[in-house]
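Paired with subunit B in one complex and with subunit C in the other, subunit A is shared by the two complexes that follow.
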Partner chain A sequence: MTFSYYPGCTLKTKAKDLDRYARSAAAALGVEMAELPEWQCCGAVYPQAKDEIATKLSAVRALMAARDEGRELLTLCSACHHVIKRVNHDMVSDENIRTKVNNYLKPEVPYTGETKVIHYLEMLRDTVGFDELAKRVTRPLKGRRIAAYYGCMLLRPGNVMGFDDPENPRIMEDFIRAIGAEPVVIAYRNECCGGYMTLENRALAQKKATTVVDAAASAGADTIVTACPLCQYNLDVNAVGERVPVLYFTELLAEALGVKEAEA
Partner chain B sequence: MQRIGVFVCWCGTNIAATVDVKAVAEAARKEPGVVFATDYQYMCSEAGQKLIRDAIAEHKLTGVVICSCSPRMHEATFRKTVEAAGLNPYMLEVANIREQCSWIHKDRTEATEKAVVLARTAIAKVSLNVPLTAGESPVTKRALVIGGGIAGIQSALDIADAGYEVDIVEKQPTIGGKMTQIDKTFPTLDCAACILTPKMVDAAQHEKITIYSYSEVTEVTGFVGAFKARIKRKARFVDETKCTGCGECTSKCPSKKNKNEFNLGLDNRTAIYIPFAQAVPKVAVIDAESCIKKKTGKCGLCQKICGAGAIDYEQKDEYIEREYGAIVVATGYNPIDLAKYDEYAYSQSPDVVTSLELERLMNAAGPTKGTLLRPSDGTHPHTIVFIQCVGSRCDDARGKPYCSKICCMYTAKHAMLIREKYPDTEVHVFYIDVRTPGKNFDEFYRRAVEQYGVDYIKGMVGKVVPHDGKLLVQGSDLIANEQVRIEADMVVLAAAIEPDKSARSIATMLTASIDTNDFFTEAHPKLRPVESPTAGVFLSGVCQGPKDIPETVAQASACAAKVIGLLAKDKLKGNPCVAHVNEEMCNGCSTCEKVCPYGAITYQDKEFRVPGPKRTEIRRVASVNEAVCQGCGACTVACMSGAMDIKGFANKQIFAEVDAICR
Partner chain C sequence: MSFEEKEMAENIKRISGVNPRKCMKCGKCSGTCPAYEEMDYHPHEFVAMVEKGRIDELLASKSIWTCLSCFACVERCPRSVEPAKLIEAVRLEVIRAQGANHLKAVQIPELLDEKLPQQAIVSAFRKYSK
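Take a look at the complex of A and B:
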């Protein structure tokens, strides 16, 4: 199966690991990620303002490109996924935004939110299947105790993101099981890591990140996995005290599929 | 040609506000066969019924159409009316212009147009109606009660006291149900065991009651007055007739680490066990999953010890078949599985418990002998947080949309009892609304707040985080409009209740209906609340909807009254609308026999006259047992040669209806 793929800026710079391991793992699983020939920064923050459209245009361009390629749009970074999926929801449900965007972009065929936006984890669960993934794993991560960290944006708001229960999720835990490791559930897995607060109030960001990492450490996790570059940064750099390695889930996936070394 | 009368009901404004009833009567008057049409404010009232009877006499009517509410509401009423005027009761049709017309439409013109079509349809059908006579069937004077909780016990006792035999079938090794696990009952705070166990003993000692514990109903056939049930008596590996309940075996059994179901897994029991001291029957049972002898063939200690010689490792499941006139469903409830609510950390910390688990932790016969201690380390909790509506009144798919009804009161009870016994313990209760209608209920709740100082916080909890042996509770206080953080020693979750998992399969077995939440549906939500729409099946207790103990007992007795009313009859009038085979057209294909869910169709060889020299031939044709047929119509749809018909719903009548709609 082939997906149109939107990597986003961070995956080309600070979060290269998230991207490259995802690509090699997908290749091993027989899933083709066709990067959109042209894409722009998604904006990184979903614009809450209801009366302007400029901040939504780049997401719509990516969505429209995927539609024109006749494919579902695959995303990986939590923030990009969040922004693109919510903008797509606006295009479906908000007539005012839809009309203004189409009037401005003047596409040959108006865009009305037809593209299905899929996160890489959803692709693993629904296209590959976790049972099938478990069979494809050549180096199961036996004995590893891994805590999943979802962050705020991957699953919320639940009715728009719609791929797991935001308060009591399981998709990453199921993923961890599929690659042969043992999931460690920590209560703070969907609390904020501090986000962009790290620029403005470092102490607060440190406090938030430390709470999460402490909880993982005291629950006996040897690794924390995340899908979000900003979460990875905050938990890795801002947490003080006991440290637990914070990795992208794609790195562990590549490792379990035996394609990590080839990449490294 | 029939002489048809049409009677259009206003139902006050229920119909008349949306449908022009005079126009409907006017249009009906023009239909072929109609000699009289009128409208009236309340057709079901005595005056309305008199109007119908008088019109039948005056206009020599042979068929009657009533345009009113659903036939489920008043068909029986109007059948009696026309019968009183000398007509066959099956010469009546009801056109539903209320539920299926006026209630669901807003536009008066459209609704009137539809009502005219519905009237026309009923007129077309009644033109082809023929008089039918109902057969009679005898009533077996014994009732089956499925489920031996307080609801089943109360129904059984009341039916038995009226002099009828009752069998209670309970899937657990003892009767008593959830109430046995409850410590004290609101609002009087009397001990549940003290009021329940004497009733359990009454049931066991009643000469008219037979208890089949550790048993399940696996199959039900037949119909009202003549049900046949197959009951599986699961092997308990202990001879019920010999066991004295001395408990010697349980003290010696070496397999000791098995979850004790009675204490909800908060402590362990042996592989051979008696559920609790007041169990009825007080007979041991071997859990084959954990019995060393059953697993490895070695051990046999209990057999050696048992003075009564009651242990029988070779015992097999047994099946018995019994006949019943009526069936009472009393299958009860369970708290929901909390796996979907792990933001409250139920799976992450043993100190997060359900309210039912708290009952065991406060009960003298529970794992802590009645002293409230934290399950994790056995210490005394100083701060306890209660969270209400966990899974109740939930607007998404993970919970239940309904209010579980009992949680507000039992939470107030728990909070009050804890404050009474341990005044040094702080108690906080998070709630959405406190709902305490009921006799002495609100007074009870106010006592918890005003007299016992329980801290009620309006708002929900977002997260419970186990941390350093404590539970950090994050919630919101909607009245103070602020975030609340409480460091608690224990968290108690008022989990929603849901019908027992067996409800769905039992409903299928009884062809009784259940709603989207698996609660059994009553025949009428207001006027027939303890009967199922399936004749002869009655509802007792929480299987029909959430209830507390007094309500359950009241409903159980009401249910018994209905059963007694049925069993008091010697014969029942059957439903004459059953399948009928036209033997001339039947080609003997057996399709109808295969689709019949009631086993009412058999085939037999019959001699028929034929033209030609042979004169007769033997052909295999279908034959319907009218006493067993329920008139579902599956055979008429399946029959390829059109030989099967339902009396009163013949194919040509249905086609006439369709033609009338499409005209």
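Take a look at the complex of A and C:
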């Protein structure tokens, strides 16, 4: 199956590991990721106000490009997924936003939210299937105790994101099981890491990140996995005291599929 | 409440889509807020103060720069009031004015470090500047 793929700005720079291991793992699983030819930065934060139009345009351009390619839009960064999925929801449900966006962009065919936005983890669950993934694993991560950190962006608001149960998710734990490791469910796995507050108030970001990493350490996790470059940064750089390595889930996926070295 | 505050309260309700009168004052939003301790006015107070038209205090509050946009208060509000949207609308009232940006590009170089993801800078600009 072929998806239109939206990588986003950080995956081309500081979070190259999230991107490249996703690509090699997808290739091993027979999933094609066709990068959109002219994507723009999504803005990283969903503009909540109902009169914000210009800030939603880059997401709409990506959505429209995928529609024109006749494909579903695959995302990987939690923030990009959040922004694009919610803007798409606006294009379906908010007539004022839909009208103004189409008036501005004047596409040949108006965009009305028809593209399906799929996060890479959803692709693993729903397109490949975790049972099938488990069969494809050549190097199961036996004996590893891995804590999933969901953060905020993939889950909330649950009625728009439709990703998993926003208060008691399981998709990442199911993923961890599929690659042969033992999932360690930790408190704070769906609480904020501190986000962009690291720029404004580093002490607050340190407090938030430390709470999460402490929870993982006391639960005996040897690794924390995330899908978000900013969560990765906060948990890795801003956590104080006991540390647990924080990796992108795609790196462990590539490792389990035996395609990590080929890529590195 | 001044006339200007009344106008602003109406605009904040309009662009946020929030109806503060739906609030049943359970306090769950503030109870779950990860930035609670750093705030002067808390999520439940935004709801009450917008309803009463006490906008000037909110415009000057520390909280509009402290909200993490984690959407915990949106998800967990039993009445779907969704205070984060109000906080965002108040922040927009501030930064939409000329020269009122909270974060300026010239400040960025000193905030950078080796690992800081672009996502952090883009997010902060989205939140703090127009």
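Keep in mind that, in the parts below, the second predicted complex is superposed on the first by the 264 of 264 C-alpha atoms of A that agree within 3 Å, B and C clash if a C-alpha of one lies under 4 Å from a C-alpha of the other, contacts with A are read in each partner's own complex, and residues count from 1 in each chain.
Basically, a contact is a pair of C-beta atoms (placed from the backbone, for glycine too) under 8 Å apart; a residue touches a chain by one contact, two chains touch by 3 or more.
Keep in mind it's a predicted model, so treat the numbers as computed, not measured.
J.: First (subunit B), second (subunit C), both or neither: which does A:Gln48 touch?
T.: Touch status of A:Gln48: second partner only.
J.: Examine A:Ala134 and indicate which partner it touches, taking first as subunit B and second as subunit C; both and neither are also allowed.
T.: In the superposed model, A:Ala134 contacts neither subunit B nor subunit C.
J.: Using the superposition on chain A described above, determine whether A:Gly195 touches subunit B (first), subunit C (second), both, or neither.
T.: After superposing on A, A:Gly195 lies in contact with subunit C but is clear of subunit B.
J.: So in the superposed three-chain picture, is A:Cys152 touching just subunit B, just subunit C, both, or none of them (first/second/both/neither)?
T.: second
J.: A:Leu36 contacts which: subunit B (first), subunit C (second), both, neither?
T.: Touch partners of A:Leu36: none, neither subunit B nor subunit C.
J.: Is A:Ala27 touching the first partner subunit B, the second partner subunit C, both, or neither of them?
T.: neither
J.: On the superposed three-chain arrangement, identify whether subunit B or subunit C touches more subunit A residues.
T.: Comparing touch counts on subunit A for subunit B and subunit C gives C.
J.: Who does A:Ala215 touch here: subunit B (first), subunit C (second), both, or neither?
T.: First partner only.
J.: Based on the superposed arrangement, let me know which partner A:Leu105 touches: subunit B (first), subunit C (second), both, or neither?
T.: In the superposed model, A:Leu105 contacts neither subunit B nor subunit C.
J.: Just to be sure I follow: which residues of subunit A are touched by subunit B in one complex and then by subunit C in the other one?
T.: The overlap between the subunit B and subunit C interfaces on subunit A comprises residues 158, 167, 191.
J.: Across the complex, what residues on subunit A touch subunit C?
T.: Where subunit A meets subunit C, its residues are 8-10, 13-15, 41, 43-45, 47-51, 55, 77, 79, 152, 155-158, 166-167, 191-192, 194-201, 204, 208, 228-230, 232-233, 236-237.
J.: If we count contacts the way the header does, which residues on subunit C are in touch with subunit A in the complex?
T.: 14-17, 34-35, 38, 65-66, 68-72, 74-75, 84-85, 88-89, 92, 103, 111, 113, 115-124, 126-128
J.: Considering only the defined contacts, which subunit B positions touch subunit A in the complex?
T.: For this pair, the touching residues of subunit B are 340-343, 345, 347-348, 396, 398, 462-468.
J.: Would you pull the subunit A residues touching subunit B in the complex into a rising list?
T.: Within the complex, subunit A touches subunit B at residues 158, 165, 167-168, 185, 187-188, 191, 215, 218.
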